[in-house]
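As structure tokens, here come the structures.
Okay, so chain A shows up in both of these, paired with chain B first and chain C after.
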Partner chain A sequence: MIKVEGLYYSYSNDDNFAVKDVSFEVAEGEIFGFLGPSGAGKSTTQGILTGLLQLQKGNASVAGYDIKNISRKMFNKIGMSFEQSNVYSKMTAKENLSFYSKLFDVETRDPIELINLVGLGGKENIKTGEFSKGMKHRLTFARSMINNPSMWFLDEPTTGLDPAIAADIKDIIKEHNNKGVTVFLTTHNMFIADELCDRVAFIVDGVIKLIDSPKILKLQYGKKLVEVEYVQDGNVKKETFSTIMQKDKDLLNQIIADKEILTMHTKEATLEEIFIKVTGRGLV
Partner chain B sequence: MLKRIWTIFIRDLTVNMREFMTLYMIIIPLVLAVGINFLSPSINDTSVNLALIENENPEQAAYFDDFANVELFSDEQKVEDRVMSRDSVAGILPKDNGYYIMTQGNEPESVLEYAKLLNVLYEADVQLEDARSEIIEFGRTVPPLKKMLVNMLLLLISMLAGMLIAMNILEEKVDQTVSAINVTPTSRSAFILGKSLTGMAVALFSSIACLLITGFYNVNLGQAALVVFSSTILSLLIGFIQGLNSDDVMEAAGSVKLMFLPMAGSIAGYEFVTGNWQIFFYWSPFYWAYKANDMILSKSGTWPQLILFIGIILAICGAVYALLAPRIARKLQ
Partner chain C sequence: MKLLSSFKKELILASRGFYFYVELIFALVILAVLLFAIPQNFSGTSTEYLYFNLPQEGKEIFKNIILEDDLDTKSEMVEIKAGGKTFNAELIVTDESEIYIVNSEEAVRMLAETHRNIGAVLELDDNNQLHYKYYLQGYESTRLKNLISILFNESTDVLKERIENQDVRPLSTGYEPLNDRENTIPPLVAFSGSLMGMFIMASYIFLDKKEGVIKAYAVTASSVWQYLMSKIFVVLLTSVVSGIIITMPVMGFSINYGLLLLLLLTTGFFASSLGLLIASFYNDLVKAFGVIYLILILMMVPSIAYFIPGWDPVWIKIIPSYPMLQGFKEIILPNGDIAYPLIASAGFLTAGIVLFAITNIRFKKTLSV
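What follows is the complex of A and B.
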């Protein structure tokens, strides 16, 4: 459904790349997670794939369309939920969706149905200028489904939402995926990524560090993490070490030899911890 | 394509009719048109009135009646009373072997000229068949002030249309909705045409409405619409670029207002600068629009002339477009 090869992008049109040599494929029906810290190049990649940013270098195709010269028809098949909500503040929720639906050539969904689906039922006739940030974000998300897309781009669909609503959004994504929709999901939320994604890519500083399924990653790292509490200079420190990475094993040996150990136990790695271990970077 | 242009147009119009500022821009020309009617008598009241002595020269009275409103009075004193009344009436009275024209002194010059002309024509025995076109030409049944005000109003309308576009572009910019439209099958040209249609439709509607309100329903409305159309193109271009460059409503409205200067300059140039110096205003599309409107409002224009003027306006707009289009396209990314 998506095929990307050697993608580069620079906002300043020089060697200062926001995205460097990015390559990956997303199969039809898959949920593909794009994970990385802020500024890693996630939205940039998504921008190129949706034609919002001009393809500068590399090859990309989406839903069978070449991104080098995009046919406007491609957008009948694509849905895009923006990181920053962007709806007309002078129009009501319902007007926003009705207007948008008329821009497509394909059958579109009922605005009210979508508004109810994202928990905005009863608010359809309020101007979105009066909406809270989270409400606007949900409307932006709802709008991305209006043309029944088979390829669905979601840029941080759950950011800024309370956990209950975020869980609802997660369920909606899952449901659509069950019906065959391919999803490209950018998120900071590792729990959602873990639960939803068939495969994830870790991206840092514009470079993909790893692509694999959360399941395999966990098998690999499995219970191979050791959490150690020890005393250093009179303070209690807590650290997690991998038992398969040589660097961690050496460090662990040193600590056991030199420090006073308080507690020590193995634990299941979370996706976030795996990310940190693999990229050496936090997710924030 | 057409469906999407229409969708964008209807959305803009709906939002514009709802917001005070944009609604004001749509309504204000109509209010001004009503104002012009108060300021300046309506066209139909201004056909020239002549006061004559009854039975003094019935043949002359009948001749004048073909070209003016003739009122007959029993004697010279009655004619004088009539001439002294508030509205513009010229008396034509016998003296020696000819006639003289009696006025109050505050009649528009055109009334006086017209009365003189008619008198001369009568004496020269010019018949209606021989002279129709000239008489209408000199007739200037429209007060010049009114024609000028309506003409200015027409230019103002095209400027307001540009402002409206600037507002609508700014709305998309502030709400960041262009990127949402960019991920639909809507092409950039459909978007731009949809937006332009809003300004164009409002300009055409307001112009025709203003012409009707001010009593110019006898002019060639098709010609008037053509001039409005071509002069509005420039305003729309400027509206687009200013909308894209501005960050808030006041800034956008303010920058479009800058057009006011060349516009006022062109009008002043046309009205007050003598023939040879008019060449200094040839660069201004407003000059040509004003000139074309003037022709249409005085019903003196021919199609070839009009097409020439419109051609010049469009050529200037084309040059401006060539200059601005790349910037507009870039900003819409």
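What follows is the complex of A and C.
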């Protein structure tokens, strides 16, 4: 569904790349997670794939269309939910979706049905200028489904939403995926990525560090994390070490040898911990 | 179809916004000013040119009569220019008029024609009778014309005969100048209709940029040019409506509205494409304001020249508002040149298309995530 090879992108058109030599493939029906800290190049990559940013270097195809010269027809198959919600504040929720539905050549969904789906039922006739941030974000998300896309780009669909609503959004994504929709999901939220994604890519500073399925990653890192509480300079410190990475093993040995250990036990690694271990970077 | 939906949406947005009404209210204010504040002819005092084609004593008698009304009962020797020539004149200023006494009929005629004022020649005819010849502009009120007709007749018996014997000859044909109120219309229409469109278009785009909706449009099966064009349609609609609000009540049905519509549409298209292009370089109105302001000032230069008949340098004709003004003027002139507005329209259409094409590329290239 998506094929990307040697993608580079620079906002300043020089060697200052926001995205460097990015390559990956997304199979049809897959949920592909794009995970990385702020400024990693997630939105940039997604922008190139949806034609918002011009392809500078590398090859990419989406839903069978070459990104080098995008045909407008491609967008009949694509849905895109933006990181920053962008709806007309002077139009009501329903007007926003109705107008948007007329911009496609394919059958579109009923605006009211979509508004209800994202929990905005009853608010369809309110101008979105009066919506809260989260409500606008949900409407932007709802709008991305209007043309029944088979390729769905979601940039931070759950950011800024309360956990209950985020869980609803997650269920909607899962449901659509069950019907065959391919999903490219950009997120900070490791729990959602963990539950939804068939495969994830870790991206830091514009470079992909790793692509694998969360399951395999957890098997690999599995119970191979050790959480240690120890005393250093009179303070209690808590640290997690991998038992398969040489650097961690050395550090752990040193601590056991030099420090007073309070507790020590193995634990199942979360996707977030794996990310930190692999990339050496936090997710914020 | 997508274009139509976009146009409908833009109309809804415009009707819920602020600029739409600003332009229409502006047009109404201009109309009110035109109708109630600008007299058909501006100046309260009139200027006249006189030539006494009389023997010296005759000249003196008439001059002294006029001098009695002079504010300081003295005349002043001045030089006055017309048609590239300089004429010597004796200026007498009364509280109602400035009277220039010149030395030839040619001077009267040239001055009257160039400065659009009344001229008169007094001479003796074959029977040694005083003979008056007036140079009028053609748009003087009927009252004044009738007054002149009867002024020199003592008895009503001979009045009819004398009036019929008066010789009225048009000197320039195919040319009926506009009165002051009508003459003010072209710059007002050009500004409130067409050039305002540039500013309003830029404002519309900045509103959309703030909301990020262009990006949402860019990931649909509809093209960015349709999005831009639907906005242009809205601006054209308002500039046509405001152009007609200003023109129709003053000009009535005496002008070619087809031609007016054409020029309003093409100049509006040009101006709004220019507005789009400017907006493509900036993210908000505040940052773009300097450029918009400069362009508006530049566009105003031809309208200054428009009101100063003697100042009309060649370079001014390159400024787009020059052909706009002249085009609108030819349309409202009773015997105006039809070719001029047609050629100007073709020019604005072409320039508009070029600007629009550049803008379209720029908008596609400057989208962000």
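Quick note on the criterion: the second predicted complex is superposed on the first by the 284 of 284 C-alpha atoms of A that agree within 3 Å, B and C clash if a C-alpha of one lies under 4 Å from a C-alpha of the other, contacts with A are read in each partner's own complex, and residues count from 1 in each chain.
The rule we apply is simple: a residue touches a chain if its C-beta (ideal position, glycine included) is under 8 Å from a C-beta of that chain, and two chains touch if they have at least 3 such contacts.
No experiment lies behind these values; they were computed from the predicted model shown.
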Query raised in the report: Taking chain A as the common reference for superposition, should the pair chain B and chain C be classed as clashing or as fitting?
Result: clash
Report task. May I ask you to decide whether A:F104 touches chain B, chain C, both, or neither, giving the answer as first, second, both or neither? Result -> both
Query raised in the report: Should A:F75 be classified as contacting the first partner (chain B), the second (chain C), both, or neither?
Result: both
Query raised in the report: Looking at the overlay, what does A:S43 touch: chain B (first), chain C (second), both, or neither?
Result: second
Query raised in the report: chain A residues in contact: does chain B have more, or chain C?
Result: C
Query raised in the report: Taking the superposition as given, does A:N125 touch the first partner, chain B, the second, chain C, both, or neither?
Result: neither
Requested in this report: Check the residue A:E83 against both partner chains and state whether it touches chain B (first), chain C (second), both, or neither.
Outcome: second
Query raised in the report: After lining up the shared chain so the two structures overlap, which partner does A:D155 touch, if you call chain B first and chain C second: first, second, both or neither?
Result: second
Requested in this report: Looking only at the overlay on chain A, choose which of 74-82, 92-100, 128-136 or 218-226 in chain C hits chain B.
Outcome: 218-226
Query raised in the report: Considering each complex separately, which residues of chain A are in contact with chain B in the first and with chain C in the second?
Result: 50-54, 72-73, 75-76, 78, 80, 82, 84, 86-91, 95, 99-100, 102-105, 140, 143, 147
Report task. Provide the residue numbers of chain A that touch chain B in the complex, in ascending order. Result -> 50-54, 72-73, 75-76, 78, 80, 82, 84, 86-91, 95, 99-100, 102-105, 140, 143, 147
Query raised in the report: What residues of chain B sit close enough to touch chain A in their complex?
Result: 3-4, 7, 11, 14-15, 18-19, 171, 174-177, 179-187, 333
Requested in this report: Could you pull out which chain C residues touch chain A in their complex?
Outcome: 1-2, 5-6, 8-9, 12-13, 16-17, 211-213, 215-223, 365, 367-369
Report summary line: Within the complex, chain C is touched by chain A residues 43-44, 46-47, 50-54, 72-73, 75-76, 78, 80, 82-91, 95, 99-100, 102-106, 140, 143, 147, 155
